[in-house]
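The structures come next, written out as structure tokens.
Each of the next two complexes has chain A plus one more chain, namely chain B in the first and chain C in the second.
What follows is the complex of A and B.
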């Protein structure tokens, strides 16, 4: 039944097509011409602003009309000493780690539950739905849902006789938890969809064969699903790192309506935005804002490399 | 069954890794730099190109430079299309264009208009006229020396009447943000704040409008459930309470002085301690609406306007914001912020107005527009349509904002909103004061803890600068 479980000895691997790896051949000159437009655009719109951001992070600058003063690593030092920044940093890490564990746990549960469901495409579309709605609209909806006196959640709890569980969901104590719940709700569908696509790719006969040999559901999951979707999982983990660190709109819109959200709900990108630009009363600390941007890039870079190393496995071909 | 895996080929693995990191860096850069325009000015122009200030236009001679070409005023406005002020200003713009032949190219950019202004200035695009509420506008453009003096506008005759601009705009208003005695901002709308209530509701509760702070707390307690409404997630609304109490106890400047004290010890002054204790009295009185600390704008003001709540501290725009859904017969009244024994009496003056950037290409035309707009009949739309107060005392106001207009009728001493702390120390305001103020206002910390924390946080803030 198993057609090929893929191990090709080195000699049978497909020949590489990469030009520069062929002995005695260098990259043809024409390649440079074809690469140039993309390279120039990339340099202009990605690399140059990134370099400018790094430079600005070493200065004190309020923007146009203000002369930038070189301050070395002062902005970084100041951030390090700033309790508000450390709290923002910790919140970002909490979203990344705690949120990540919950998002992937839920996504796997959905994946396994829906694997054999006949209407799984429909359900998949439903759980993916939060991703096609702008986060700002979602935040407004969550505001209505979690409102203290007339909110739908409290109203529902009261209606089913659980008044004792009603809370001021957006109060300072619970606010970050509400944000986490919102983010988990939004992104579970997204990652479940990616994982499901990976699982769908796995031929059913693996499950059938494993089932015939007496594998339990847990074993099916750990011995079939996980290994055969490892590459998808690895990419998803990288995507989550990026999503978790840069999440901005939902928090900004839920925390502040026409104003900056309270510092008690800031994550790194919100902190960056507020101190760099702010809303009604711009702080214009562009140096510090850029320093936060650089820190975020370094964080993402390190975490991605780390994840790739941790999750490095050979590709299973089937 | 056994699954066999192939180890990744090292060369390709590392190449992939490099590519992955590059792609990720690119995505994050895009996220940091491009998404939501959050850092666009940061990345749009490196400092080398922007450090050189734009050349200052010749204030009085530019109009004669190109008399043949129709002039265009590039106007960046804080209003969104459809807002009452936008409608009024659009009407003025239309008339101005047809009467003068000067074209006004306006961007209705909303409250974050400064982001667009910065982007335009960075790109070298013309910005001839900007309007916004004064504190952020002054902090971002006037205090950084990027605007021209509008002293010349004061002598300009207002088209259609015999007054000059200086005749109709009170000098006290212009002095607030003057630089070297010369105004850089000319207001077309003035705002204050106080405690709003429904007159008929208060009468039906048998409560007299309170005047002192103790009377206010007693009235709030007597008013029953959700007596004092607040959208607690708007931290600068929460800040009204403590800032007003500080100004009442210590006079204008007391908050400013405490915020700018490098040792932080000014926060321990008697006036401020009394103000903090007064706020704690309100928080502990039980008069605050249930769940006010988790109320998201505009929930509380909606509930207040339909009769679930009695008092609400807010700017004088509240009537304008809530009148479309207020309960039938709602009688808009406004209390000046309650007084305290032996305290100070001053009025908060907040202005929305115009500035002309140094980078303006048609500054004279922009100034013509300012003078033109301040005509009594034209400006009356701000009162009649937008239901807000104008700086002209000869423009009547609708009944729902009469109390607010009366605040300025007796020409009281004025102070800046939030005593100028928001405008002059925005980072301190955002990262030091507001978080602690929220904690105090939500009852998470007591008076002494607040004083201790803000004293040390203020000292730390200034020490790191």
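What follows is the complex of A and C.
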């Protein structure tokens, strides 16, 4: 029953044309009834606040009780000139690009290796596991691992006689690298899982046929796996863009237990949270914070459209 | 294939060597990763039973005795009686309502083939990309306006709102993946779309519904930014905030083992759910994402 969803033959997938498309007005009206509740809640909770955020980003405002003054694009201009903001922006870009390359490289390695492994279900369940654990708990685990004096990693390195390699992993210099490593650990499992599902859908006879033709495993990968999972890859790339730009809890919680993390670890969402909402000493720069939020939404939007465009070609129907 | 025998033998050896290396290194990579992940988990679980003064002094020892003291500490730190109730209420209610509104919407988008369905699907998908940060300030003001700030009802509504985009996205994938025959037959028998949906498509989409609601529930259970900003009474706190507060209190109490016990308490329900349903969760995620 469960399985039947995953293994439908190709002809049954994506029925683009529906027989419901009858002449007459009843279809849109029925569709309206089906769509209205979700649409209304979505408009009220997501869309309207997003629009309001755009408005707030054009003002200077410290919250309820304060009169908002319209300042045009001043918030954006000031952000652009702010060194701290540019550093945060660059960190988000680094996660997006460098982190993305590593996450997808690892995910591909898992995908290829697990194709032949007998315990693949177990491995997949384990590597996906961080994605169901609260990010705060992951940050606690990462903190325990990397703590300077009593951390597991340094303790392990000392135990195996490599004490020269011990580092203060959470010092400002290495902090961002430690965050990246953590994010890679968390998200590789997520994307490997999705890619594996894509590979599972490729009928085995493609691999058999290519194998009979004498294709090497690298050729199998570049000539069979990649083209035939192109649409899954494209969805994964889009999801990565969203994840990389949005990711907040893990960094925030790793940065400090209950305090705002030091600026050396700020990414766009952390930066926004600290200046707008903050924990100990919020500056309540709601206008500027909203401007960062708008920048994030625009980044996601642009990159998603761009990726969709770039990756639209090359889909092989099978 | 025209090379001499020796040549062919050589490439054969090289190929085998290459494959062997790839298998060996690859296997090491996979199993180190798995060992690492399980190791951290096991360490935290064991540490939750240790004593605070020795937990970091002797990293690799087993706990001397199995005592539940840390867990009763954690119970208090998390304010578990209250926070778990609030979490179950908001996560349960939020998940149920999300599914109740998302399934019909996804069905309409995937199956009713009206003009603009594609655009509307993209419009919903846009919500996946909106960071919670960018809505939280106006959302708080809006909810205050209607008297729903600092209320579990308000938080539940917010949870439904932020879950709708991904739920609609996944369910649209599910409905697309279902065969058309039964639906066509029902339509030809003269069944109205509402009837077709409830008696034919919804039962067929049950695996997708289960998977999607699990994914939504896991996400909401682990959520804390909305809970942090939309509620502020101690009595309205969710378990995620409880964990964050416990973590924050660490700076004064240094009660690490209590914190580990709190982590264990918080991840137990999700882990049980996951071990039991991991195949469904993973399949749900992937069917949604691959269609």
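Everything below uses one rule, namely that the second predicted complex is superposed on the first by the 277 of 318 C-alpha atoms of A that agree within 3 Å, B and C clash if a C-alpha of one lies under 4 Å from a C-alpha of the other, contacts with A are read in each partner's own complex, and residues count from 1 in each chain.
The criterion applied here is as follows: a residue touches a chain if its C-beta (ideal position, glycine included) is under 8 Å from a C-beta of that chain, and two chains touch if they have at least 3 such contacts.
The structure displayed is predicted, hence computed values, not measured ones.
In the superposition on chain A, A:137 makes contact with chain C only, not with chain B.
By the touch criterion stated above, A:110 is placed in contact with chain C alone, chain B being left untouched. In the superposed model, A:97 makes contact with neither chain B nor chain C. Legend: residue contacts after superposition of the two complexes on their common chain; A:289 is shown touching both chain B and chain C.
In the superposition on chain A, A:125 makes contact with chain C only, not with chain B. Shared-chain residue A:44: touches chain C; no touch with chain B. Legend: residue contacts after superposition of the two complexes on their common chain; A:56 is shown touching both chain B and chain C. When the two structures are aligned on the shared chain, A:82 is found in touch with chain B, with no touch to chain C. With both structures placed on the common chain, the touch criterion links A:310 to neither chain B nor chain C.
In the superposition on the C-alpha atoms of chain A, the part of chain A touched by chain B in one complex and by chain C in the other spans residues 2, 5-6, 8, 42, 46, 49-50, 52-53, 56, 64, 147, 149-150, 242, 245-246, 248-249, 257-259, 269, 272-273, 276-277, 286, 289-290, 293, 296-297, 300-301, 304. Within the complex formed with chain A, the residues of chain C that make contact are 15, 19, 22, 26-27, 29-30, 33-34, 36-38, 40-41, 43-44, 47, 56-57, 59-60, 100-102, 104-105, 107-109, 111-115, 117, 120, 124, 126-139, 141-142, 144, 157-158, 160-162, 164-165, 168, 174, 176-180, 183-184, 187, 192-194, 197, 207-208, 218, 221-222, 224-225, 229, 240, 243-245, 247-251, 259-260, 263, 266-267, 270-271, 273-275, 278-283, 285-287, 289-291.
Those residues of chain B lying in contact with chain A across their complex are 1, 3-8, 13, 17, 20-21, 24-33, 35-36, 38-39, 41-47, 50-51, 53-54, 111-112, 114-115, 118, 121-122, 133, 135-136, 139-140, 144-146, 226, 231-236, 289-299, 303, 308, 358, 422-423, 426-427, 429-431, 434-435, 438-439, 442, 444, 460, 464. The touching residues of chain A, counted against chain B in their complex, run 2, 5-8, 42, 46, 49-50, 52-53, 55-56, 59, 61-68, 78, 81-82, 84, 143, 146-150, 168-172, 174-175, 209-210, 213, 227, 238, 242, 245-246, 248-249, 254-264, 269, 272-286, 289-290, 293, 296-297, 300-301, 304-305, 308, 312-317. For chain A in complex with chain C, the residues that touch the partner chain are 1-2, 5-6, 8, 12-15, 17-21, 27-28, 30-31, 33-35, 37-39, 41-42, 44-50, 52-53, 56, 64, 109-110, 112-114, 117, 121, 123-130, 132-137, 140-141, 144-145, 147, 149-150, 152, 155, 159, 185, 193-194, 196-198, 201, 216-217, 231-232, 235-236, 239, 241-242, 245-246, 248-249, 253, 257-259, 269, 272-273, 276-277, 286, 289-290, 293-294, 296-297, 300-301, 304.
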